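Each of the two complexes below includes chain A, the first together with chain B, the second together with chain C.
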Partner chain A sequence: MAIVPVDVLSHAAIAFVYAGKLILLTIGLNMTYSVLKFSNFSHAEWVTWGMFSSWWLLQILAFLVPWDAEMGFIINNILIQATFAFFMVGILGILSEILVFGRLRDLKASARSFTVASIGIGLVVRNLLSMVFGDYPQPVSSPELPFGLEDILVINITLTNRDPILGTQSIILTSYKILIILISIITVLLIDYIFKHTKFGIAMRATSDSIDLAQVSGINTRQIIFITWFIAAGVTGFGAAFVRATQGRFGTMDGFSMLLPIFAVVILGGVGSFRGGIVSAFIISYAREISAIILTEFQKKPYGLQYVIEDLLGFTISLSPGYMDGVGFVVLILVLLFRPQGIFGSVEAIRARV
Partner chain B sequence: MDKPVLRAHNVVSGYGKLQVINGVDLHVNEKELLTIIGPNGSGKTTLIRTLIGLVEMFEGQVFIREKEVSHMRPHEIIKAGIPLGYVPQLANVFPSLTIEENLKMGLFVKKWDEYYLKRIEEIFNLFPILGERISQRASLLSGGERQMLALARALMPNPEILILDEPTAALAPNLAEDMLQQVVTLKKTLGISIILVEQRAKRSMELSDRGIVLVTGRVAAEGPSNELLQEDTIRKLYLGVREKS
Partner chain C sequence: MQKKIRTTILIMGLLVFTTFLVGIRPINAEPKKTTALPTTIKIGGVFPITGRPEAGRDRRDAFLMAVYEINNQTGTDRILPAGVNLLPNVQDDLNTPEGAQAAADALVAWEADIVCGTSGSSNSMTMASTFTPHKIPQISYASSSPALTNRTAYPYFMRVAASDAWQGVAVSDLVQAFNWTKGAVIHTSDAYGTGLIEVFTTDFTAAGGTVVTDQIFDANALEVSTQVQALKDAEVEFILGNFIDKDAATCMKEAKNLGVDNLPWITTDGWSTTATFADEDDVKDAMQKSIGTTPAPLTGAGYATFNTSWFSTDWAFLAGPKNSQDTGSAFNSYAPLSYDAVYVAAKGLAAAGSVDGDELLDALYDVTLEGASGSVSFDEYGEVIGRYDYVQLVDETYTTFGEWQDGPTFIDGEITLADCSEWSIASNKITNTKEGPCPAAPGFELLIAVFAVGVLVAIVGRKRK
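Moving on, here comes the complex of A and B:
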C-alpha cells in the first residue's frame, strides 16, 4: 500500500465542486437574510423547486406543445433550463410575498413569525412536490451544453497512478462541475456589484435599514421588496438547475438536505457579504471533506480509531463519514465564537434576527 | 399674510382602528419656524407622519405648495418633486450605508451623482464633520453626528420645508442647544420653513415664530410663540415653567 493512502486530489476536487454548489445556492439566502431580515427556511424548497421546474416542468411543457426536434434541442439546453428555473422560482418567491409575507409585514409581525411562516411554506411546497412526483429520487439525464463546451470543459489529470509513495492522485472534473464553479463566482461578483454600486442595490440596502426612511427618500419600498424576492428566488432557481445538472438523479429532499450547510455558509461568511460567502463556502466544504476522509480512515480495519476504541473500551463508537456535515458546523461555531458577525460580516448585520 | 407652504385641514389619522389625531388644522408659512409641543403620546409624531403619508389619513386634506398630497404614499410625494425634507424621531439615518450614500439618498429621485456634486459643498460647509468621514458607515457615528447626517440628508434636495421630529432627543444638553441654534440658522440662511417637534418645549418656543400645543390628538393652543410663552396655563401645563410664589 502507498504511504499516502488517500486520493487527496480527487477529494480536493470533490470539495471544490461542493463549494461551488454552496456558493451558488447561498446567494439568494444571503439576499433575503440581509434585505428582508429573517431566516427564510423555504429557501430549501426554492432549491428543490428549481431542480424540478428546470427538468420536469420543462419536459411537461414541451410535451404539451407539438414536439419536434427543434423543441427537444431547446429544452435540453442548460441555459434554457436555468433561465426557466429562474423565472419559476422567482414567481414562487413573489407568490410567497403576496400570499404570506406581505400580509405579515402589514401586521408588523416579528422576524420570528416570518421564519416560522417560511418553514410552513417550505413544508407545503415540499409535500406538494412529493404528491406529484413521488418521494424517490429519479434518474435523469444531463442537459446539453451549448457551444460544444461539453468537450472543452473537462479536466482529467492523473498525477500518479499506484505510486508506491503517493498512491493514486487524480482529478476528474466533467463540464458541469467546472461550470458550477465558474458560474457561482460570476454570479456572486455580479450580485455583489449590484448590491454595492448600483442605485438599485443602494435602494435595497436602504429599504432593509429602514422602510420608512427609504419611502420618504422616494423609494417605492413595496416594489423593491418584490424585486428582492424575485431576484433572490430566481438566482437560487438558476443555481439549482446547474446543481441538478451535476447529479444523475434528484428528489424532493435535495434542497432540504443542503439547507443547513447553506445557512452555515451565509452565517460564516457574514450576512450581507456575498464575497464572504465564497470564502466560507470553501472553508465549510473543505472542512467537511477532510473530516470525511479522516472519519473513513478511522473506520478502516484493523487499526482505525474506531476499532482501537472498541478494543480498549469494549464498546463501539461509530465514526461514520456521514458525520461530515456536523464538522462544518463545528467550524462555524468556532469561528463565530471569535467573530460573531462572521468572517466578512459587518457588525450591524448581526442585528438581522433569528 | 404669506401663502402657507404647507397646510392641513381637519386631519384625522391613526393606526388601524386606533384613532390618534382627531381633527387637526395646521399651516406653516414661508420662512417660518413652527414648533409643535405636547405631552408624550399626544400624537406629535403621528401628526407629522400623517402629513407626509407615512401614517394613514382617515379624513382631511394636506397641501404642500398648493399641491394636494392627501392619501399619496411618501415615495409618490417625493417623486412628484415636492420640496420636502424629513428627519424622523428614531432611525434617522441608514446605518449600513456610508455617509456619502446616506447623503445621496436625499437625492434618490434625481440624477444623484450630478446633484450630489452640486450640493455637497454647501452641505459640508454646514456640517464639516461629515466631510471628513465620507466613506464610513453611518452606524459608526455618535448620536449627535447621526443627527447631523440626518439633517444633512434631508437638506440635500434643497427642500423648501423641513420637518424635524425631536432632533435634540438623543443629545446632551449643550449639544441640544447647539442643535436648536442650528435649526434657527438654517431657517435664516436657507430661507426655508421648518416644522419642529420638540420636548424642550420652552426653549424651542423661545426660538420659534409660531407654536402649536397638541394634546390627545387635538390642537389645545396655537399662536405666535411669544404669545404662547406669556399665557399662564400654557406656561404651567406644557412649558414646565414653575410660577414664582
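Moving on, here comes the complex of A and C:
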C-alpha cells in the first residue's frame, strides 16, 4: 500500500469535470435569477429537454438519412445536436414566458407566484416528455466530434503506476469531459461579458433593476425579457446535450436530480454573479470529492478509522461514501451563515430573492 | 343559557347519530373474505411495463398467458373447480416505489384476492406493506432482496424467484474459487443493491476475505465517477457490482473512462444480461471478460412447452404493445417465473378452497409445481432454493463455465479475465496459470524521460548560442 493511498490527480480531474457540468447547467438559472428575479424551478426540465431534444434530432436524422460513414458524421454530430438543443430549449423558454410568466407579470404577481408557476411548468414538461418518449432511460450512442476530435482531445496520462510512495497518479479525461470544462468556462465568461460590456447587457440589468424605469428610458423590456429567456434556456440546453454525451443513459428525471446541486451553486456563488457561480461550482465539487475520499478511507478495511474506533471503543460508526453529496450542502449552509448573500452576491439581491 | 344548552344537546345528538350511522358500515382494514372460492377470483399482476419495457411487458404477457390457460383448462387438467375463474388486473408500477404504492392501492381498492408481483425488491416491499393489513398474499416473480425473507415485516409475501441470499453465497464461492482475498463492491442504495452485497460481505469475510471498500450510489444516478475512482484507488483483486442493467451501464461507462475496466468485474443477475450493453459499445467493451452469476437456465418439460408456445400467434389477443413477440428476441428470463407465479396461485387457491388470506397462504406454502421455471417448491419462509450459472461475457455472448446449487461446480477449461490473467479449471479447481495485470502505460519513468530530454534540449540549445 502506497503512502499516498488515493489517485489525487484523478480525483481532482473528476471534481473539475463535475464543476464544469455544474457551471454549464447553472448559467441559465443565474440569468433568470438576476434579470427576472425569481427562482425558476422549471430549469430542471430545461436540462432534461436539452438532453432529449439533442437525442431526438439523432433519431430523426437516423430515420430520414441513410447512415453511412460520411453521413454518420452529420447524423451523430454532437455540435449539431447541441445547437439544435439550444434552439429547442430556447423556444421552450420563450413559450414559458408567453403562456405563463408574461401573464403573471402583467398581473403584477409576486415572485412567489412565479416560483410556484415554474414548479408547475416543470411538472408539465416532465410528464409530457414521459408521455412522448417513455419513462425508461434511453441509451446513449456516443456522438461524434468534428475533425476526429474525440480521438485527439483526450488526456490519458499515468504519471506513476503503483509507486510505493505516490501510488498511482493519473489523469484520464475523455474528449467530452474536456469539452465540458472548456465550454463551461468560455460560456460563463461570454455571458458575463455580455452582461457587463454590451448594450444588451446594460438593457438586461436596467430591466432587472426596474422594468418601469427601463421602459421610460426607451428600452423594449418585453424584447429583453424574451431574449433573456431564449439565451438562458438555450445555453442550458446546449450544455445539457454535452452532459448527455458523457452519460451511459438518460431519462426524464435527470434534470430534476441535478436541481438541488444547481441551486446550491447559484446561491453559494451569489445570485446573479456568473464568476461567483464558477467559484461555488468548484467549491461544491471539490468538497464533494474530498469528502468521498475521506469517507472511503474511513471505512476502508482493515486500517480505516471505522475499524480503529470499533477496536478501541467497541462500537461502530458507519459513514458511507454515499453521504458525499450532502457535504456540498453542508458547505453551503456554513457559508450562508456567515455570508447570506453568497460569496460574490450583493445584499440587495437577497431582498429580491424568494 | 337555554339556547346554549339546546345547541349543545343538538351537537351531541348529531355526533351520536353520525356514530350510529357509521357504525352500521364499520370502516376497518379487515378484508371481506369468504371461506369458499368465489366464481371469480381476483388476481392482480404488477409489472414495470413503462419503467422497464424490455422486461415488464414479457413478464406481464406471461402472467396473462397463465391466467388464460388456467381459465380454459378442462377435465382432469383443470386446477380450479369448474365454474371458478381468474380475473386478472394488470398494474404498472413504473419501476418506482411511488408507482408500486399506487398499484397496490389500486389492487386493494379492487379487492384483489391474490397478487403476483412485482419485479423490483424495493417496490415489492412497498406493496407488501400495503397488502399485509388486508391479508392479501403476494407472490413475486423477480424480487430477490434477502430483506424480503423477513416474515415479521412481510408475512404475506412469498416468491418463485430465489432470494439473493443464495446468490450472495454463490458469488462468494466464486471469488474464493479464484483464491481472491481482497475485493471491492459497488452497488445501488436500494433494497436490491444492498441485499446481495450484505450476504456476500458476510460470507466472504467469514471465509477470510476482505471487502476493502463499499461504494454506493442512488439508483438512476448520473454521476458515479467518484465512486468508480475509489474502486481504482482500492487496488483490489476483483470488483463486485450489484445493480440492474441501466445503473450498470452508467457505472461501466465510467469504468471505461477511468480505466477501471481492466480489473476483474463480477456481475450479478441484474446486469449479467445483454440488455446492459444493448446499443452501447462503450459499455460492452468495458464489460468484456467480466464473470458473474445469472439464474440457471430453465429446463424441463414445462419450460420446453412454455418456450414453444410463447411465440404462438394464439397470444396475439394479449394487451399490447408486446416486447419479445414483436421483436422476435428471446423472452425476458423472468417471464417463465411470472407464468409459474400464477400457477402457484391457482394451485394454492384450489388447495385452500378459500380466498381467506391466512388459509390461502398456508396452502401456497405447500404447493409444488413442475412449471416453466422447473421444479418449484417452498421452504418454511415461502422461498425457493437458488440455482445459478457462472458465466463470462465474451464479445456479445455469455458463456457458462460453471454452476451453483448448494455449492459451486465448474466446467473444465481455460478462462482469461479482464486483467489479462489466465486460469485453468480442472477437477472443480481454478488455478492461476498467468498473472495479471495487463501491460500498463509507462509511469514515472516516462516523466523522467521527458524531463531529461527537455533538460538536454535546453543545455544543447544554450551551448549552441
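In this text, the second predicted complex is superposed on the first by the 323 of 354 C-alpha atoms of A that agree within 3 Å, B and C clash if a C-alpha of one lies under 4 Å from a C-alpha of the other, contacts with A are read in each partner's own complex, and residues count from 1 in each chain.
Note that in this section contacts are C-beta pairs under 8 Å (C-beta built on N, C-alpha and C of every residue); 3 or more make two chains touch, one makes a residue touch a chain.
Source: prediction; values computed, not measured.
*Asks:* Please name the chain, chain B or chain C, that touches the greater number of residues in chain A.
*Replies:* Counted on chain A, the partner with more touching residues turns out to be C.
*Asks:* Contacts for A:206 in the overlay, against chain B (first) and chain C (second): which applies, first, second, both or neither?
*Replies:* In the superposition, A:206 touches chain B alone.
*Asks:* Would you check which partner chain A:289 touches, where first means chain B only, second means chain C only, and both and neither mean what they say?
*Replies:* second
*Asks:* Considering only touches as defined above, state whether A:220 meets chain B (first), chain C (second), both or neither.
*Replies:* Only chain B; A:220 stays clear of chain C.
*Asks:* Looking at the overlay, does A:191 come into contact with chain B only (first), chain C only (second), both, or neither?
*Replies:* Neither partner.
*Asks:* Would you sort A:301 into first (chain B), second (chain C), both or neither based on which partner it touches?
*Replies:* second
*Asks:* Could you list which residues of chain A make contact with chain B in one structure and with chain C in the other?
*Replies:* Of chain A, no residue contacts chain B in one complex and chain C in the other.
*Asks:* Considering the complex alone, what residue numbers of chain C touch chain A?
*Replies:* Residues in contact with chain A: 50-53, 94-95, 189, 210-218, 220-223, 225-227, 229-230, 232-235, 246, 249-254, 257-259, 278-283, 440-444, 446-447.
*Asks:* Contact residues on chain A for chain B in the complex?
*Replies:* By the definition above, chain A touches chain B via 199, 202-203, 205-206, 208-210, 212-221, 272, 346-349.
*Asks:* Within the complex, which stretch of chain A touches chain C?
*Replies:* Touch residues, chain A against chain C: 1, 5-7, 10-11, 14, 17-18, 21, 134-137, 139-142, 156, 158-163, 166-168, 170, 172, 174, 177, 243, 247-251, 253-254, 257-258, 288-289, 292-293, 296, 299-302, 320-322, 324.
*Asks:* Given the complex with chain A, which residues does chain B contribute to the contact?
*Replies:* 52-54, 73-75, 78-79, 84, 86, 88, 91-97, 101, 104-106, 108-109, 112, 137, 139
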